[in-house]
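What follows is a pair of complexes built around chain A, which joins chain B in one and chain C in the other.
Let's turn to the complex of A and B:
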């Protein structure tokens, strides 16, 4: 009974995420067309769209990862259906509030909403800031309940040491922690920490908002907290996707299940420690931040990502190299997604190196790398899960004749769209401009090229959507 | 009763006027930053007529506004400026333009002023007049007021930094220390100048507290908030683990 309920709510998550994704991609294309001077949006509309696009994308791919992890975790432990429902309801309400604040209220302080921008109306409605902060509060509460619930369920079966797979540092461990549990636990800890950072941040925002000038915030503190939340959650949602891959890649490829070894345990424990301090690399330009924290930011960026990437790539390589693999759309998406994650991750590590950041800071290099590991990495992890999930309960689980076409469009669209960002970054074109000044003659043509390829990517996503949503609807409306 | 009302109105009037006049130098210095200065035609001593942009295009400018009949701040202001800059003789990254804002001043008066300060042969210094002083004053929010009783202008000692593209990068009001001059020169050369928020009663949770006397930062309460999320998470992990311990089954040992 419980698993049927879980199946149904997971279908709702899949459909919700895909619909919101299509809307968010469309907003992204409109922004690139505006930068390319093909269409004309007012700056307020552009930045409202930028805010909606950024926050919706972060939100949906986080919940997509959580929904997948929640679904697969049922194999090892009993999860809370109520927490899942609360998260879904709060997510839908939160997104509606966010969109009201941005589309109607014209709130446009970008997804980073760096202090004190939310308090500068600049053409937005007076109520928009409060609604925006309230939307983040609703989203945060829903996600925090869900994350704590999942963590609690893991701890009901595994001790802290077992959940972190510390016994694997010794020879012949008596208890084995599945890689899926290890990565999920480490990710949930990071998620909870960054959601607590969001709570502190929002409390400080509310305090200033309601104090009417009697209390003001410290810009450096607010920026640290914003990136503690924002950078960390953007990383953790990738790790949720990786937990799914550790669980499913070998299974759908017809290979033996991956096991936790000492180096897998070590790499992921490194991630647990260092991902919480990697956000300091967002503050290299803040001269008041002590130099020690800047150095920690650079080292943590390496130590949080490289070991985990190393063991994952090694595991996938071993799984596919000179091995007869049962390729399907699911493991193809996982495989391409890992390539996108690694390429985008390298771009991020390059940018997090202080000497490079001086050159790359706030150029199109930044959206280039984070779109690489999201649009061609994490999104593909979740799409792989969505496809696998939708075919689990379908009589018609044959590979669609459109599979090759879809993947081709996805690759051509995704790579072309990303290259327009990378070439723009190499040309020192700044990011976050609604209209480029004449000093950057290549900026507008690059943006138009980017929009064109992004449209091809959107077509691929639409094919995926029509392929998956019918099966999800069947699961949703099937008799209990 | 009527006298009281009149007295009250006069008092309020003076208070309002007084408040209007006491706009702090700090606020005035923030006006027009990163705006373009008016490109006034200049009559420069020892040179032909040229426009302001020809001067700032050549090198960034420090613009000092004075008048030759000034019996107040102009002379000590210029003297201090000359002294501050003479220790920076090797720094030829900027020029200095001394411009009269008094329409009565002629180029001959400015020549005499240059001679008085022994700057007439200094290639870094220009002395000039302009017939568009009103527009230029507006572009830098400089508002000298003529006082007919003392036959003098009531004005600020204003030094304006202009970069080579004509943007106002920094303004200094009053006779200032060498450190302020360093910041001004850095700004006209588009070099980043750090600024710090001064302590305030309303700012409770700073990460660092800047002491203007020592120029050093001390650790602040705000740093606790950065560590708080991680600390709360660890405490929650231990707390939950402890309270669900009894529900934990024996996990099968791996062979």
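Let's turn to the complex of A and C:
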């Protein structure tokens, strides 16, 4: 019974995420068209769309990763269906509150909502700030319950040492920790840590809001908390996707299952440390931040690439190189997604070099690299899972005809839309400008080119959606 | 300018990555059922990781000393400029700025001499980004309420330099700018 309920709620997650994704991409295209001066939005409308786009995207790809991990975790341990339902309800309510704050209340402090901007906005409704903070509270509570529930269930079966796969540092371990459990555990700890930082951040916002001027926050502390939360959750959602790949890549390819070895255990234990300290690179341009933390920011950002490349990416190479495997849309999306993740990572490592950051920070280079490892990386990890999930309970296997078309459009649209960002970044064009000053004559044409290619990407997503939604609805409405 | 080599480096690395992934994918498509895949994978993994580690170490050693915190740290600035940012304007002055009634003045700076900008904000976070007359970003720092960030720079070329806000600060962020002259 439990697995049928899990199957049904997972299909609700898949459909919800894809619908919200389509809306959010559309907002992104409208923003690029406005920057291209093809359409004309007021700055407040542009920036409230920017806020909606950023937060919705982070939220949906986080829950997509969590839903996939929750679904697959059932293979190893019993998970809580109630926690999954709570997360779904809180996510839907939280997103509706967020959209009310941004679309109706015109809240427009961007996904970073850097203190004290939410208190000093012009052109937004007075109630919008409180509703925005409340929406994040609702989302945070729902996700915290879900994450803690999954971690608790892991620890019911595995000891802490086993969940971290420490026994694999010795020869011939008696208990094997599956890579999926290890990565999920490492990721959930990071998720819980950054959600707790979000709780502290929100409490400090509320304290100032309700103290009516008697309590004032420290801007540097608030910025550190914001990026610890924001950077970490954006990174962890990628790792949720990697947990899915470790579990499914070999399976859908018809190859032996990946096993935890000493170097896999070592890599992921170190990943936890690096991912929790890399966020300092967001504060390089705050020279009052202690220098030691700035250096840690660059070192952690560089070192994070070692376990990623040496273990995960190399494992994919080993699995594929000169090996006859069954290619399907699922593992093709995983494989292309890994390439996108690597290329976005290269852009990120370049930007995380302090001496480069001084000429790249808050230019279009930033959306360039994070859109690469999200739109062409993490999103493809989740789409790969969605496709695999939708075909699990379907007898109709006539689904492959869209594979080539979907992938071709995804690649053309994705690469074109990203290059417009990279060239813009190298041309010193600022990010988050509703329209560009005349100093940057190439900015508007590049934005229009970006919007055009993003539309091709959107068409690929629409084809993908129409390819799988019926199968997901069938799972949802099948008799239990 | 620094941005062009960065773009070329990135495009080259992205190109190499694409070629490697394509090569590996094609090798799988062409593989016979009996093929055994990569030989000595553990050894290759070790060398791949070691080479990556060495490259990253070289980059770290080469780039860290160029971090803005260390540039001109031991020199005394010839000129100090106080900067106060406020939605949606910059005040620049050679005298200290009164937060209660901030005022600015036209700024003229000497070429080839060290200038220190003491940058703060009177409301939200802003960016203080300096663009040269080819509209290239040459240096920047954040303007944060309650803190003063000191940015040091030696301007080589005389001319007009523009300041743009590079930290999103609200509805007129895109219009927040100022300028100064280097002679």
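The working rule: the second predicted complex is superposed on the first by the 476 of 480 C-alpha atoms of A that agree within 3 Å, B and C clash if a C-alpha of one lies under 4 Å from a C-alpha of the other, contacts with A are read in each partner's own complex, and residues count from 1 in each chain.
Just so it is clear, a residue touches a chain if its C-beta (ideal position, glycine included) is under 8 Å from a C-beta of that chain, and two chains touch if they have at least 3 such contacts.
Everything numeric here is computed off the predicted structure, so don't read it as measured data.
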* Asked: With chain A superposed, do chain B and chain C clash or fit?
  -> clash
* Would you sort A:262 into first (chain B), second (chain C), both or neither based on which partner it touches? => neither
* To do: Tell me which partner A:402 touches in the superposition: chain B (first), chain C (second), both or neither.
  => neither
* Asked: With the two structures laid over each other on chain A, which partner does A:110 touch: chain B (first), chain C (second), both, or neither?
  -> second
* Asked: So which one touches more of the residues on chain A, chain B or chain C?
  -> C
* Asked: Is A:323 in contact with chain B, with chain C, with both, or with neither (first, second, both, neither)?
  -> second
* Could you tell me if A:358 is touching chain B, chain C, both of them or neither one (first, second, both, neither)? => second
* When the two structures are overlaid on chain A, which partner does A:218 contact: first (chain B), second (chain C), both, or neither? -> both
* To do: Scan A:204 for contacts with chain B and chain C and give back first, second, both or neither.
  => first
* Touch check for A:287: first (chain B), second (chain C), both, or neither? -> both
* To do: Select, from 62-70, 98-106, 188-196 or 224-232, the region of chain B that bumps into chain C once both structures are placed on the shared chain.
  => 188-196
* Hey, what residues of chain A end up touching chain B and chain C alike? -> 218-220, 287-288
* **Touching residues on chain A, where the partner in the complex is chain C** => 43-44, 47, 108-110, 112, 114-117, 120-123, 218-220, 223, 263, 285-288, 291, 294-295, 298-299, 302-303, 305-306, 309-311, 314, 317-325, 327, 335-336, 338-339, 342-343, 346-347, 350, 353-356, 358-363, 422-423, 425-428, 430, 432-437, 439-440
* chain A partner contacts - residues on chain C that touch it in the complex -> 1-4, 6-7, 9-11, 13-14, 17-18, 21, 24-25, 27-29, 31-33, 35-38, 41, 44-45, 48-49, 52-53, 56, 59-60, 63-64, 66-69, 87, 123-125, 127, 129, 131, 135-142, 144-151, 162, 164, 166-174, 177
* Which residues of chain A touch chain B in their complex? -> 148, 151-152, 155-160, 162, 173-176, 189, 192-194, 196-197, 199-200, 204, 213-221, 224-225, 228, 276, 287-289
* **Touching residues (chain side chain B, partner chain A) in the complex** => 192, 194, 196-197, 200, 202-208, 217, 220, 222, 225-226, 228-230, 232-233, 236-238, 240-241, 244-245, 247-249, 251-254
